[in-house]
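If you scroll down you'll find the structure; I have some questions about it.
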Amino acid sequence: MKLMKIPPFKELNPPDNLGYWTNKKTGEKYGGQYISPLLIPNLKKVEAGFKKAMKNKKFLAGLEEQLVNHIGIITPILRSLELEDIAGGEKKIGKIFLKRTDLHHDSSHKPVSAFSSVYFAKHILKAKKIITETGASMNARAVASACAKLGLECEVHIGAVDAEKVSLNKDITELYGAKIVECHDSTKTLLPAMAAALRSWQSDPAAMYVVGSVCGPHPYPLMVRTFASIIGRIAKKQMKDLTGKLPSNVFAVCGGGSNLNAISYPYYKDKKVNIFGIESAGKGISSGQHAATLTSNAPIGILLGARSNVLMNNDGQIDESHTEASGLDFSGVGPEICYMHSINRIQFRATSDKEAQETFLMMCRKTGILPAIEACYVIHAALKEIKKRKNPKENHLIHLCGSGESNVARMLKYKREHE
Amino acid sequence: MKLMKIPPFKELNPPDNLGYWTNKKTGEKYGGQYISPLLIPNLKKVEAGFKKAMKNKKFLAGLEEQLVNHIGIITPILRSLELEDIAGGEKKIGKIFLKRTDLHHDSSHKPVSAFSSVYFAKHILKAKKIITETGASMNARAVASACAKLGLECEVHIGAVDAEKVSLNKDITELYGAKIVECHDSTKTLLPAMAAALRSWQSDPAAMYVVGSVCGPHPYPLMVRTFASIIGRIAKKQMKDLTGKLPSNVFAVCGGGSNLNAISYPYYKDKKVNIFGIESAGKGISSGQHAATLTSNAPIGILLGARSNVLMNNDGQIDESHTEASGLDFSGVGPEICYMHSINRIQFRATSDKEAQETFLMMCRKTGILPAIEACYVIHAALKEIKKRKNPKENHLIHLCGSGESNVARMLKYKREHE
Amino acid sequence: MNKNFQKVFANAKSENRSCFVAFVTGMDPDYESSKKILIELSKSCDVIEVGVSFNTSTSDSSIIMSANDRAIKSGARTEKIFQLIKEVKNEITSDTAFVTMGYLNQIHVYGIDRYIKDCKKSGVDGCIVVDSNNESPEDELIFKGLTKNDIAFIKLIAPTNDSAYIKQSLKKCSSWVYIISYAGVTGSKDVNLDNVKKLSKMIRKQSKIPIGVGFGIKSQDDVKKVSKLADLVVCGSSIVNKIKEGSQNGLSNHDLAHFVGEYVNNLSKGVKH
Amino acid sequence: MNKNFQKVFANAKSENRSCFVAFVTGMDPDYESSKKILIELSKSCDVIEVGVSFNTSTSDSSIIMSANDRAIKSGARTEKIFQLIKEVKNEITSDTAFVTMGYLNQIHVYGIDRYIKDCKKSGVDGCIVVDSNNESPEDELIFKGLTKNDIAFIKLIAPTNDSAYIKQSLKKCSSWVYIISYAGVTGSKDVNLDNVKKLSKMIRKQSKIPIGVGFGIKSQDDVKKVSKLADLVVCGSSIVNKIKEGSQNGLSNHDLAHFVGEYVNNLSKGVKH
């Protein structure tokens, strides 16, 4: 059933042929394809396939149909009077809208790009197997679900330390039939698991690697944001229908950057729309225990195949990030987002773990929504910014990018300890 | 944003003034209002309010807006090629469609009637407090969420035995700020908790009682099914848009009957549409360990204020039901459903716990959907019936009434033990 | 009016006092104890309400629910309660009237006609059916059956009921009417005399039927206060609590009956104006 | 061609054999041990690849990742590896050529120009940068810098690379080219001779550059087989495993170096045709 005509994808910010976004002022490049020659052919295949796919009307229509009817991408935009009241009331601060991608199949924005990537692997690359990695398993769950539905084998690499943690999403990944491979390298967390997934792909070029965010070597950042941008395209149209105009401010949390990229992409050329990316300040940026790559002015490095801002020490060893939100626990940010930051098109803010946790409790109690803890970082920062702006003519769009079932145990403990 | 025009409610099967549906052939009555005089005024208030509400355009429009944008009721209908293949292929058995109410806010069909009831309590009855009961907390979670959003106090009665079980939904209920009252009466499970909730309402007539299914004294069965029928009205229109016609068969699971009532209601007068209600046969009907009130031909009794079929012993003591699916663990069925069963408009089947568990694993692995265990009872029975019918011209509509996050722990244990 | 109730009211009138009504759950904690308790209570009570336990009752307090649980565990079922009342009635010498108090489901399962027949056979003088809706077909059948058999149909009226409801109830009510003193569950609050006055006034406008009052009456003093306003004063939860206390303390049947009997005897003195 | 490599190839040619290349992670398990190991290996190896540890490498096997972990724990950083190579070179008498093997991020952070300058200063004869894309601006800078300083830029070529890619690589490749014998990670499979033959043929069409082969070569026998097809034979994982074994067994620096040296000496004999 056709609920709405989804605006087709339009390329607004193409990288160059090598997958770089270049800041014209500084000459700084973001993206690229820094990887062992073993993976170059795999990437070229994905690159060529992706180009073909984006011109293949049958593929695009088939994918859209599945996204609409299986993932349920036509989620509502909810005007939140409760948040408006908290920020000072509509008359003072304008209107607040929540894009409800928490209502997606598998409860976050992730399934959109995950399903699209697996659908692409099946129909364009004719792959029979998917390789991916995971930290907190939001991505793994989404990829495993897509593989189950589309009949592909699914191999998930997870750090042994992460694998030992109680995780609803990991359990669901297993129920979806994925093969879970524990990685005992290095810190035994997300980064070595990502490396392990890439290495596994090295050995198995017939498989396809799927990444959980707008990261990795070209064409992954381009491909993931292109697939994910359907969220933003729908939201932009919905906002237009609802308010008759563009939102003044768009807010999204930023781990790797996929949900920020997804919602903000269609506004890149609408210069009047402010875009805010929110990172996790963890225990505070000055503590060093955070995941605020851009807000903390992390230098540029080459991580997992791409040039982008990276948390690392002065020898180039990647630093681990620290945050309550496992979905934000990543030491880099996708290259296009870094580029957007470098040209000041996206402004960055950071929310501490404590602020996010309090926001989580507030959301439950005042709005009846159980948000993913990741989404609480953006809600907190958005409310702060909205209060500061104090402009009743503005419409604010916040990406509520996930549902918090997997955060319940920790958050209930927090609630009981702090109330 | 208006995604579709939702067909307005039309009364197709009104009970009489006292809340009875009467089987004209047998003279048997279902429903009514069997309750202490202490609760009669409370019920009269709800009854009058409900009548008023259904004529109040502003109320109905406001409610619909919230259901669309907060609960996300315009969920897709997914054609499942995977299930068609399992049943023998489209060419043999026709097309299978899943109504995806698992994609609702709070992950089941329940939030539709729960939110509607609380919205009604706030805007029509001007109540400040909601009283409800819960077994596995799917209902409690939905009611608590609505109360949080609408700013009402929420009191949830739960049997002490149920309260001790690990329950994601109970934890979420607590996060939503509900006051959870443990009930130590009798079996310390759902039935005494329901009685406790009703008693609490006796003491607090300014509050409103909300029931978790199409049960309880008049006007609850009527009100809940009327609110919930928006699911069916949307689905009927979607099926029409998708296939150009009515479905041949509609399948839904039946605990208290709310999701069955919700999806099947709009087809009551479409005699060509077969309606199937599926109960839990637990360990087998002959074992006595089941929740298959209608399939096991349970006699008529008076339970929680209404005349309906009831699992009970020959002294009229209510028997506990037994099933893996906590959402189906109830000793009665709503009166309208019993009536529909008595006139043969709805046919009943039962699925065993084991069959449902196997279906759960199958759904995860073959469709990439994590269904509520409750939904697995209907999927199993539907596939069986569809295979038997072997009619390629038929379209089958299955109500996928919930998502299985809260079943993950038990099901993963089952999977590991049985594979 | 039921003949036994006629006697009961005449006795009370002759002593210029209200009637005292005790509630106990039948077969709490077991058949034999319950029998002895009822016999003992008959010495000081004008009326005894015997609860027929229902495991899913919608209006009983937790105190009475747990009495129900104890009784059901001891094998309480409708026919056993009839047997109990019959045996007690055979042994006592007072005119004490016996009323069953229960929920409709059990009567429905037992069969309404059979239930009324067995009431008659076992000497039950009146019936309270907590959840029998005045407008239900069952209520009509019960009303007709009881009336035909000269058994009282005692209706409950709550402070929140309107005059239309009261009128409807009084139409079917015989021997006496039971006023619930507050909106809540038995034993949860103190008796509300204002409600009683208001309700009595409304009832008196329509009928001369004797008025009983229950809910929240737990001391001789409460009984005294209420007896000034009512023809019958009902004590329930506090007596049920005594039974629980006595049986938890391991008293023998005999001692338990005396323990409870003494307590009730003391309460019952409150009805003397 | 880098002068040291000229000597290395000349020596081998004079002995009618291929060159033997050992890979070890620099500073595994620590600075002093590593230094002794390198000195020891220089006695039997024509070339030593010294791994510069990167904690998030995308192409190393778990064996090498854990060597990296050990090294980083012992304080490995880029400048330390330069110091190590410099000190080793100062102490050895052979013509053994030294190659750094690492990932671009560290070179980028170190500064490409500074990196090349320090290569020169410490006597590094060649560089392998696993993830330096031929088409990236960094690759261009590294290529130019190394060329200017007469340091070999050793490119990796995989069996899955097409001729265009090979051509592109060969353009920047100097002293020798490194063939990866199979699509996989180091040490995970057996050396694939068919791939080697195919790739050699493709390379030979375009260039006369000496060809090295690595991945999956773990015994003298493997070395023998490969030496028939290649100018350089690279052993890595099995040597790294020996280091781990020896240091886990608590050998002293000195003993560890001999333990590993002996093992490598034995392997290296395979290059004699």
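For reference, chains read A, B, C and D in written order, and residue numbers begin at 1 within each chain.
Here, contacts are C-beta pairs under 8 Å (C-beta built on N, C-alpha and C of every residue); 3 or more make two chains touch, one makes a residue touch a chain.
These figures come from a predicted structure and were not determined experimentally.
Contact with both chain A and chain B is made by no chain of the assembly.
Applying the stated touch criterion, the connected components after chain A is left out read B, C | D. Measuring from the averaged C-alpha position of chain A to that of chain C gives a distance of 67 Å. With centres set at the average Cα position, the gap from chain B to chain C is 38 Å.
Shared contact sites, meaning residues of chain C that touch two or more other chains, are absent. Shared contact sites, meaning residues of chain A that touch two or more other chains, are absent.
Shown here, the protein chains touch in a chain-like sequence that does not close on itself.
A list of each chain pair in contact follows: A-B, A-D, B-C. For chain B in complex with chain C, the residues that touch the partner chain are 18, 29, 32-42, 184-187, 191-192, 194-196, 198-199, 202-205, 299-305, 310, 312, 314-318.
Residues of chain A that touch chain B in their complex: 1-4, 68-70, 72, 74-79, 82, 100, 102-107, 144-150, 168, 171-172, 174-177, 238, 241-242, 361, 364-370, 405, 408-409, 411-412, 415.
Chain C contributes residues 54-62, 65-66, 68-69, 72, 77-78, 103-110, 130-133, 135-138, 155-158, 160-162, 165, 169, 180, 183-185, 188-189 to its touches with chain B in the complex.
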